[in-house]
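Below is one structure; the comments refer to it alone.
Chains: A, B, C and D, in written order; residue numbering restarts at 1 for each.
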C-alpha cells in the first residue's frame, strides 16, 4: 500500500462529502457516514455548521459518534432539544435546513430515491425501511446530499417506488413543479460514492465530475444501470489530507466502525 | 369522560390533597387498559421506548392489535413475532443504526403478506397524532408531493388552500385506544416529566383514549410543581402510572442509562431467523414473570455498564414566589 | 437566507467557538431591523412584553407599521397613540384585568376610524403564527362556527375535510417582518431560554423574517447548553440580542419581577384622555434617551417592590454525559 | 344591616357560581369573579377541580388572587405550563375542559354573547375587547358558565355581534348544529347574576330558577330586555354561609378588590 492509498473507500467518501459542505450553515444529519462527514466539515471547511437531528435536536455537539439518529449524546450539550413536531414543522418545513443527507436503496439518473420496497408495493420482494423523514428532507431542505456505495442494483434506470423526489423527470419539470408548488428544496445537488463525486447538469441528470484515486471509468460504468454522463473536464478527487485522516481516525470514528 | 381514571386496585389515595393515585403494576395496567383489537401506540423516538409494556402485552397474549409507532423498532418486531398484531401504522421500519427487523419483514415479504401496513413519513405520523390530540379532522403538511406514498396509502390526500395558493397534503387524525410512554418521572397522580428527546409522546398521549405512563421513579407532586415547564402530560389524561426502572431497556433514558447497543446488534441475527426469534421470546419474555426477572437475567454488571459516564446537570432556574 | 445575521456594529465575535455575537443596543437593533411599513409582532402573553422595544420604536419615529399581537395591551396603546401604526392584527383588545385601551378605542370608534383592525380569536392568532412558522398556506381550527367573526374578517374561511367528515375553519399564515420577544436569558449568539408562560413567542419568532430578542441577562452558551429542553429559540433565527434588564416593565418576567399593577391601573385614566396620553409619551418615552433613564425615573424603590417575595427554584435534572 | 344581609352582591354571585361547580373536574378560569368562584368551589363543593388558564397553565395553585389571566402566581407551583398552542389545541379543542367561564357585554335569551362591538362592526360606537379565547370556549368547553351583573343594556333582545355562540336560535337548532359539526361543547348552562341564577330550558331559552336574597322579580324584569321566563318552582338562593364568606374574605379576596 502506497502512502497515497493509505485510506479506505469510506474515508474517501467522508472526506469528499465534507468538502462539499464548505460554506454551509445548517445540516440535517443522518447516522453513519453522513454523520462523520458533517462532523469533519465542522472541523475543517464549515466551522459554522450547525447539526440538526430529526429526533428533535438543533446545535448538537456529540461527544462520541452517535449510535443512532436519537443517541443521548446528541442531546447533552446541544443548543435545543425540541418536540418532533417543532423540528419537522418549524426547522425543516419552515425552511431553516440548508443541506439534508439521504440514503438510497435505489436511485435513478435524476436523483429520485427509493427506500420503501423492491418489487411491487403490495407484494414486495424486499421490504425497506420506508420514508422516515426522507421525503420531507427531499422537499424542504435547500439541497440534498447523498452518500452511498455504487452498485448496479442501486443505480438503476427505473426505481421501484419513489419515496423521495429528486429532479423528477428532469430539470425543466423539477424546477417548474418545485416553483409552482412552493417547495423550499431545490433538489439533489451532490452524490458521493466510493468511486467519485456527481453533481447534476443543466438537464437535471447525474454527471460524474470527479473520480476518486484508484477508481476507473470502467468501474463507474459497471455499477450504474444507465449510460452515465461524464464531465468533459473530469477531475481527480484529491486524496484525504493527513489532517482529514487524523480527525476521522482520532476523533470521529476511533473504533473504525464506519471507516474500515 | 372516561379519561384519566385510575385503574381499579391501583394504589391508594394520595395524602395531602385530593389527587388520586394511579400507581399500578404493569400486569394490572395492561390487563385493564389494553384490549384485543385495540390500536396501541408505544411511542418514544429511539428514547424512552417502553419495552417493559410491550413484553407484558405479549405475556398476556393480546391479539389483533394495530400497532402504531413512528419507528417500530425492536419492540414491535418482538410483538409481531409473538403474534399480538394484525397491522402496523408507521413511518420508518428498522433496527436503528443496525439494519432491518426480521420478524416483521418475513410477515410482509411473504405472499400473501400476513401483516397489514399503513405507511406515512415521520412528519406525517407526528401530524396524525397532532390532529388526534387537537380533535382536527385532518392535518396539512407539505410532504408527499411527487412521491408514490399517496398511491400506496390512499389516506394521504391532497387538500386545496382556501387562499388560492395551491395544494398541500392532508393526513387523518390518529387516535390510539391506548398510548404507552416511558418517562423519567411522574407523580402518583400521573403528572409526567421528560427531558432529552421529546419525540411525539405528548401528541400521542393527548390523542389517545387511555394512557399508561411507565416511569423510572415516582416523585412527590411537589417535584413536578417546582418546574411546570418540564411537564409533558398532566395526570388528567393518565390512567395508570407504572414504576418500572430500566423499563425502557434496551432503549435508553436520558440521564439514567444509555442504549444497550449490544442488544440491538444481537437482535439482528436473532430476528433473521424465526426459530431463534421464538426461542428468544420464550426465554426473555414468556419465560420471565415480569421486568424484575428480566433485569435479573440481564445481570447487574450489564446494567451498570449502561450508566452515563458522568452527571450533566441542567442547573436550576427560579420561578419566584408571588404571594 | 438573510435570517439570523447579526446587526452591523453589534458586538464582537465570541471566543472559544465560532458563534457570532449578536449583541446590540436597543437603538441599533431597532434602527437596523424595524422599518417603516413593516408588520411587527411584539409577543408575550401578559408575560415578557418588550415595552423597551416598543418605546424605542416610538422614539425612532417609525410609521405605517402593522402591529400584530394577540393582546395589544398597554404597549400597543402607547405605540398607536404615538402614531407609529396604521393597522392592528389581534385577538383581544384591552388592559388586562383593568379595562379598555383608550388611545386605540378613540381611533377605532371615530367616524371614519383612523386605525385598521384585523381580528381573530386567541387560537386563531396562535394558529396563524404556527402556519407562518411551518410555511403552511393555512391552519385549520374548530373555532368561528356560528359566530360573526368570519363576516367581520373574510380571511377566516371554511375548509372541507378531505375525509368527508365536515368543515372546519382556516386562518392564513402570519409572517411578521420582525418579531420582538423578551426573555429571561440568551447567549450572545441568540440561543434563548424562557420559563413561565410561553405564550406564542416561539411560533411568532419562527414565523418572522427578522427576530430581536431582549433579555434580562446574557449568559454563557454553556448555561443554555446545560438544559437544551429549556431553549425556545436557536440563535440561528435571531438577528439581535439586546440586554435590557427590566425591559418588560410594567409587564413581568417570571422569577425576576412582578407585573407593576399600579402602572396598569394608572394607565386607565391616562389613556382615556388624548392630551394626558401624549403628555405621558413626552415624559416617559420621547423625553428619555432610553431604558436606563426610564428606570431611573421610576426609581429603585418601585422596582425593588416588584421583586418576588422569595425564590422558587425549579431544581436541576441530569442529562448525563455520554462519551 | 341584618345578619342575613351582611354580604355583598358580588359575594352572592361568587357563592352561587361556586355551588354550580359541584362535581366538576376541569375548569377554564377567567379573572375577577369567576376566578374567586372557582377557587371557592375547589375549597368547598369541588375539591378535585383543576384550574386551567388560557395563558397556558394547567393545575394552577395561585398563592394570591391573580391580577390578570397571565399572572406569575398561576405558574409557580402549577402542574404544567405549556405553550398557548398546546393549551388551545390539546386541552380546549381536544375536549378536556368541563366548564369554561365567559363574560358578556351583551347576551340574548339563548345565551349568545357579544364581546366585540356595540353598533355596526365597521363604525362601532363602543369597541369591546373582541373574542380572545371566548368563541373557542363557547364551542369546545363542555359547558359554559356566565357571571355578570344584570342591566337592560346587557340582557338584550338582539345582540349587535355574535362573538360566542350560545344556543343559537334555540335548542333544536343548537343541538342539531353542535351534533352535525361535531362541537364538543353542549352550550351555555348557567348564568349567575347579581339578582339570580338562570339555566336554560328545553327550548334553549334562559329561565330564572332562583332568586337571590333581597332581589325581586320586578328588578329582574327591569334589567332584561325580553319577557324572561321564570321557573314555576322558583327557588330562593340560600345566602352565603359563614364558611363561604370566611373563605372569600380571608383567603380569596382579602383586599376586597372584587367583592366590595
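Observations on the model:
The rule we apply is simple: contacts are C-beta pairs under 8 Å (C-beta built on N, C-alpha and C of every residue); 3 or more make two chains touch, one makes a residue touch a chain.
What you see is a predicted model, and the numbers here were worked out from it, not measured in a lab.
Of the two chain pairs considered here, A-C and C-D, the higher C-beta contact count falls to C-D.
Averaged C-alpha coordinates put the centre of subunit A at 39 Å from the centre of subunit C. The centroid of the Cα atoms in subunit B and the matching centroid in subunit C are 36 Å apart. One inter-chain figure worth recording: subunit A and subunit D are separated by 58 Å, centre to centre, where each centre is the mean of the chain's CA atoms. Chain geometry summary: the mean Cα position of subunit C and that of subunit D are 30 Å apart. Under the contact definition stated at the top, the residues of subunit D that touch 2 or more other chains are 57, 71-72, 75-77, 81-82, 89, 93, 182.
Listed for subunit B are residues 130, 135-136, 141-142, 165-166, 195-196, 198, 202-203, 226, 229, 254, 258, 308, 312, 319-323, each touching two or more other chains. Shown here, the protein chains touch in an arrangement that is not a line, ring, star or fully connected set.
Remark: the chains found to touch one another pair up as A-B, A-C, B-C, B-D, C-D. Of all the residues in subunit B, the ones that touch subunit A in their complex are 45-47, 70-71, 90-94, 96-97, 100, 104-105, 108-109, 111-113, 119-123, 126-127, 130, 141-149, 151-152, 165-167, 195-200, 202-203, 252, 254, 258-259, 261, 264, 308, 312. By the touch rule above, subunit A contacts subunit B in their complex via residues 31-32, 54-57, 67-72, 75-77, 81-85, 88-89, 92-93, 116, 121-136, 139-140, 161-165, 168, 177, 180-183.
By the touch rule above, subunit A contacts subunit C in their complex via residues 25-26, 47-48, 50, 57-59, 61, 63-64, 71-73, 75-82, 86, 89-90, 93-96, 98, 182, 184. Contact residues on subunit C toward subunit B in their complex (touch as defined above): 135-142, 155, 157-159, 161-163, 165-166, 168, 170, 172, 184, 193, 195-196, 198, 223, 226-227, 229-230, 254-256, 258, 308-323. Interface residues of subunit B, counted against subunit D in their complex, comprise 1, 3, 18, 130, 133-136, 191, 202-203, 206, 224-226, 228-229, 231, 233-237, 319-323.
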